[in-house]
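Paired with chain B in one complex and with chain C in the other, chain A is shared by the two complexes that follow.
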Partner chain A sequence: MDFYYGLAQIVGVHTLLGLSAYIVLLTGQVSLAQAAFFGIGAYTAGMLTVLAGWHIVPALGAGAVVGATTACAVGFPALRVKGLMLVVATLAFGEGVRLFFFNFDYQVAKGGIKVGPLGGEGFRQIRYFPEHGWTTGEVMVFIWAFVLVAMAALWWFDRSRYGAVLRAVGEDELAAQSVGVNLTAVKVSAMTVGGAVAGLGGGIYAHYTTHIEHSNFNVLVATFALAYPIVGGLSNVFGTLAAVIFVQVFLIEGLRDLGDWRNLLFGALIILAMNLRPHGLFGRRRA
Partner chain B sequence: MKRIAIALAVSLAVSGAALAQEKTIKIAGFGAKTGAVRSFGVNSEAALLAAADVINKQGGVRLADGSKAKIAVEFYDDRCTAEEGISIIRRIAGTEAIVAVGPTCSNVAEPLFGILQKKVDDKSDSGLQMPIFTDVAVKGGLAKISEWSFRNVPSEWTMYSSLFYWLKTRNPGAQTVYGGVEEDFAHSRASWYAVMKDRAEANGYKVLGNSKWLLNDSNFATQVREMKNANADIVAIAAHPFTTCGVLKEMQRQGVKPKVLIGLTSSSSMETLQGCAKQAEGIIIPTSFAPVTKEGKFAAETTAKFKGAADLHSMAAWENMFILKDVIESEKVSGNKDQLQADRRKIRDGLAKLKETKGLLGITKRTEDREADKPYLFVQATKGEWKVLHDPL
Partner chain C sequence: MLDLLQVVSDGLLFGATYALIGIGFTLVFGVMHKLNLSYAAASLGGAYCGLLVLKVAAGAPAGLVFLGALVAGGVIGWLVYLTCFHFIPLSNPLATLMSTVGMLLLIDEIIVHVTAGMPQNYPAMFEDVMLHVGGFTLRGDLLLVFLLSVLCMAGLLALLYRTKLGLATRAVSQQAVAAQLCGIRVARVNALTFIVTGLLGGVAGAMIGAAVGALSPLLSAPLTVKGLIVTVIGGLGSIPGAIIAGLLVGGFENVFQLYRGVTERDFYVMLLLFAFLIFRPGGLFAPKTGRD
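Right after this comes the complex of A and B.
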């Protein structure tokens, strides 16, 4: 049963990663910086539980806050550019953050051994869950509590006036601006919320894998973050969840026994899914 | 009626014997079978299957009740990613496997060992209680992460200490060293900064610097230009076969010819020779395997029948299988489904007790922190083959 609980943990964390990109995509922006916010949350939360001895909940909260703050700071200059330029700008930021962690050393002696991030060798022993006797099932419930809160919050956003404004900007910036919508405020706020969700997901990721390093937050992760809401569809938050289940459970885990064929099928099935459901698994055709 | 009774008795006896013979001990293997380091996983799987086949043909493994059981191997592809490695070990823990052999990549081993129980019998630690016996992931000091983790990988510290010491006596004219490091690969990076560079300086060499590249790089012109400008006597390349070959080809193009060329232990494999035998000519690498003993040759030939190549990593998997056979027998593993966790504990305790094991090059000493101190050789690429250059032991 632990295997299925573990799989549910992975789905939960990737759902948060996908949701962080979902809200940004609603404004029509394509950000490859989500992996960076994910990494910032992971290192922040990991350092707080391992080095400062914090409880996991405030540590995850701090990871989300730092992720949000960074996203907000990045959002102002980055969102002045559009389309492919924004993709390049956020990609550059993501790589910058990854390289920062690649060179980031901050170790302290604790219990006779040195702990903390050690540059390219990563940050090991983020063992809050096992050290506090949490079973795999309990960790799964804990993670999904955050996922459900995040999904509920985004669902509510989506149905509020704020959500309507996000979608209006995403549909037609000029039209939105002409009716008085402040584009910068909307885009930066979406980026900030996305950064908070990514930071939260990263914090959880660090604690369930127990070891993080720069390569966990590379452009491939950023691509996955974008792919989930695109494959799932932008109609609602469930599309992202469906895409994560499709990729992580069916493609990665379900096809594991196919060996080398799995990688070939992986791409082919995503192309097939997008052809059969061009507006996403949960997407609606436009009138 | 009598005939029916006899037939029934015979059929029961036959089916009973068949049932007894069907008892199997499951050993799970896992590693990278896809991606840039896929050959390691492919070779490990072949070696595990080959070793299990040899054991099974010899009658199998003796269980606590005196019966014999066959060994069944199931191998999983972790694609060299931490998340998949964790998922796989949880999946293996849910099967009847009594031990897992793997993984390929050190960046998978680190989180994997992290989710295991750190100290045995620590009731407050809910980490996974599953013995893992690593064959490939070679980055130094990983087994100390958990008392459920064991490794049968060579000590690079010992091997490169010995290599630089030997080079000092063999090439007294060589004074300077320049490094090349596959910067984003945990093992390569640790091997250069914590082992090769350190050991070179400890043996009186002056390290002039190092060039860096990434595992997926395909252009090495700038790095080799730096190397050329340094003009060191010895060039040490801490990289896996794929980028090692790329760098060696670029070195040939730019005419960089150091007096001595040293490679990473993981590159003493067929992949290097298949990829760049001409450019690798003369490279010296310390390794914990070469088919120089009767047992080594047999292991290499048997593994080849399972479509795998013999190298220091795959032959560690081969050795692991025979070590596990001995542990299963000495610790009286039951092989019963209802005693699975107890059997896993017996395997862990049995591995922890080992002071030395029999390897393909000789006796391997086991350390207190569950690592191996394996015998080693220096091999040199010569006309498309690895030839033993020196046996320091």
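Right after this comes the complex of A and C.
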């Protein structure tokens, strides 16, 4: 049973990661920086519970706030460039953050052992859950409570006036601007919300794996963050969830028996999916 | 001072390979206004296929390996076009972005699968030759890599500006619809662009293999990132820009490595990119009209 709980935890964290890219994609921006916000949230929350001894809930909140702040700060200069330039700018930012963590040492002696991030070796001993005697099932419920809140919030955003504005910018920037939409405000706010969701997801990720390192937040993770909403389609948040389940449960766990061939099929299936359903598996064809 | 000069010259020579990868990105972007994220992986794939020549005929000269990489690169380029672009509506940039990511993962995994993840030795064109000029050393193989890159770039520029195919390619990149109305088959030009960039990529991959001495699938992610950085610094769609930016990044990278060490090197390359994005967002040679 623990296996399925563990799988549900992975699905939950990846859903948060995908949702953070989803909201940015609604404005038509492709951001490869989501893994960086994810990593910033992970390191922040991990350091707060391990080094400062915080309770996990405020620590996750702080991770989300730091993620959002960074995303907002990156949004202003990065959104000066559009489209594919933005892809590269955010990619470079993401790699920059990863390399920062690769060189980041901050260790404190605690109870005879040194804890804290240590450069390339990563950040071990984020043992909040085991130390407080949480079972896998409880952790799963805890994670999904956050995921459901985030999904509900984004679903509501999507249906509100704000969501309509986001989609208007995504469909046609020029048209949106000419009816009085402030493009910078909309894009930066979407980026900020995305950063908050990614930071939250990162904080949770740090605590369920108990060990994080720079390579957990590389380009591949950023690509996965983008892949979920694109493969799932941008109609609503459930597309992202469905894509996470498709990738994590079906492709990664379901095909485990295939061994080595699974990885080969993985790329091929993404290509096939995009050829057959260019607007996402559950996406509506736009007019 | 001599140290610095030495380091810069080594960097410039290696930067030629970055320039080639950057040209591949920029050429596809210029013609189709699409990003082909699988390009660096495809280039490595071509270089790996070049190694097959050694499997068939052990002890074949390195030139044949390079030729094999060139041909294989072209074939892979065409396959990438067919699987990731041809059947997907061009109005949907996200779909092709994702399909090329799928291709990137697929090529990486094929390489890992076939080589069992082990790095493969790559033949150099000739044994260690060092040119000594005063207190100054030039690695012979890097010099050859540089010269070959220059040759490839010259060939590409001749193709683009001296042939009918080049004229068609430039026409499509300026205005695809107008080009189609003039009787240019856009799909064919797009496919040919992929084949040409694939050929370049195969050579670039082989030269990276020769310069590093070995090939590993671990190279594809850093090469993709460096190639994209070169493309943006040079200005999207600009070939001279990509060449100069490639050399620039190669040189800077080595200087940073000298002063800050290998773990921090790439961090400063990212900062260099950000400096460009803030002060010159269009890159060195921005196209005049504000294209997306």
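Quick note on the criterion: the second predicted complex is superposed on the first by the 286 of 287 C-alpha atoms of A that agree within 3 Å, B and C clash if a C-alpha of one lies under 4 Å from a C-alpha of the other, contacts with A are read in each partner's own complex, and residues count from 1 in each chain.
Please note the rule applied: a residue touches a chain if its C-beta (ideal position, glycine included) is under 8 Å from a C-beta of that chain, and two chains touch if they have at least 3 such contacts.
Just so it is clear, the structure is predicted and the values come from calculations on it, not from any experiment.
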| item | value |
| --- | --- |
| Partner chain(s) touched by A:I10 [first = chain B, second = chain C, both, neither] | first |
| Touching partner for A:V30 - first (chain B), second (chain C), both, neither | second |
| Partner chain in contact with A:R167 - chain B first, chain C second, else both or neither | neither |
| Which superposed partner A:N263 touches (first chain B, second chain C, both, neither) | both |
| Touched partner set for A:E121, first chain B, second chain C, both or neither | first |
| Partner chain in contact with A:F129 - chain B first, chain C second, else both or neither | first |
| Partner chain in contact with A:E95 - chain B first, chain C second, else both or neither | second |
| Partner chain(s) touched by A:N103 [first = chain B, second = chain C, both, neither] | second |
| Interface residues of chain A shared between complexes with chain B and chain C | 102, 120, 260, 263 |
| List of chain C residues in touch with chain A within their complex | 29, 35, 83-84, 87-89, 92-99, 101-110, 112-113, 221, 224-225, 228-229, 231-232, 236, 263-264, 266-267, 270-271, 273-274, 277-278, 281, 292 |
| Residues of chain B that touch chain A when the two form their complex | 33-34, 38, 76-77, 82-84, 86-88, 90-91, 93-94, 107, 110-111, 114-115, 117-118, 124-128, 145, 183-184, 186, 189-190 |
| In the complex, chain A residues that touch chain C | 25, 30, 77-78, 80-85, 87-89, 91-93, 95-96, 99-100, 102-103, 119-120, 218-220, 223, 226-227, 230-231, 260, 263-264, 266-271, 273-275, 278-279 |
| Sites on chain A touched by chain B in the complex | 1-3, 5-7, 10, 102, 120-122, 124-127, 129-136, 208-211, 213-216, 252-253, 256, 259-260, 262-263 |
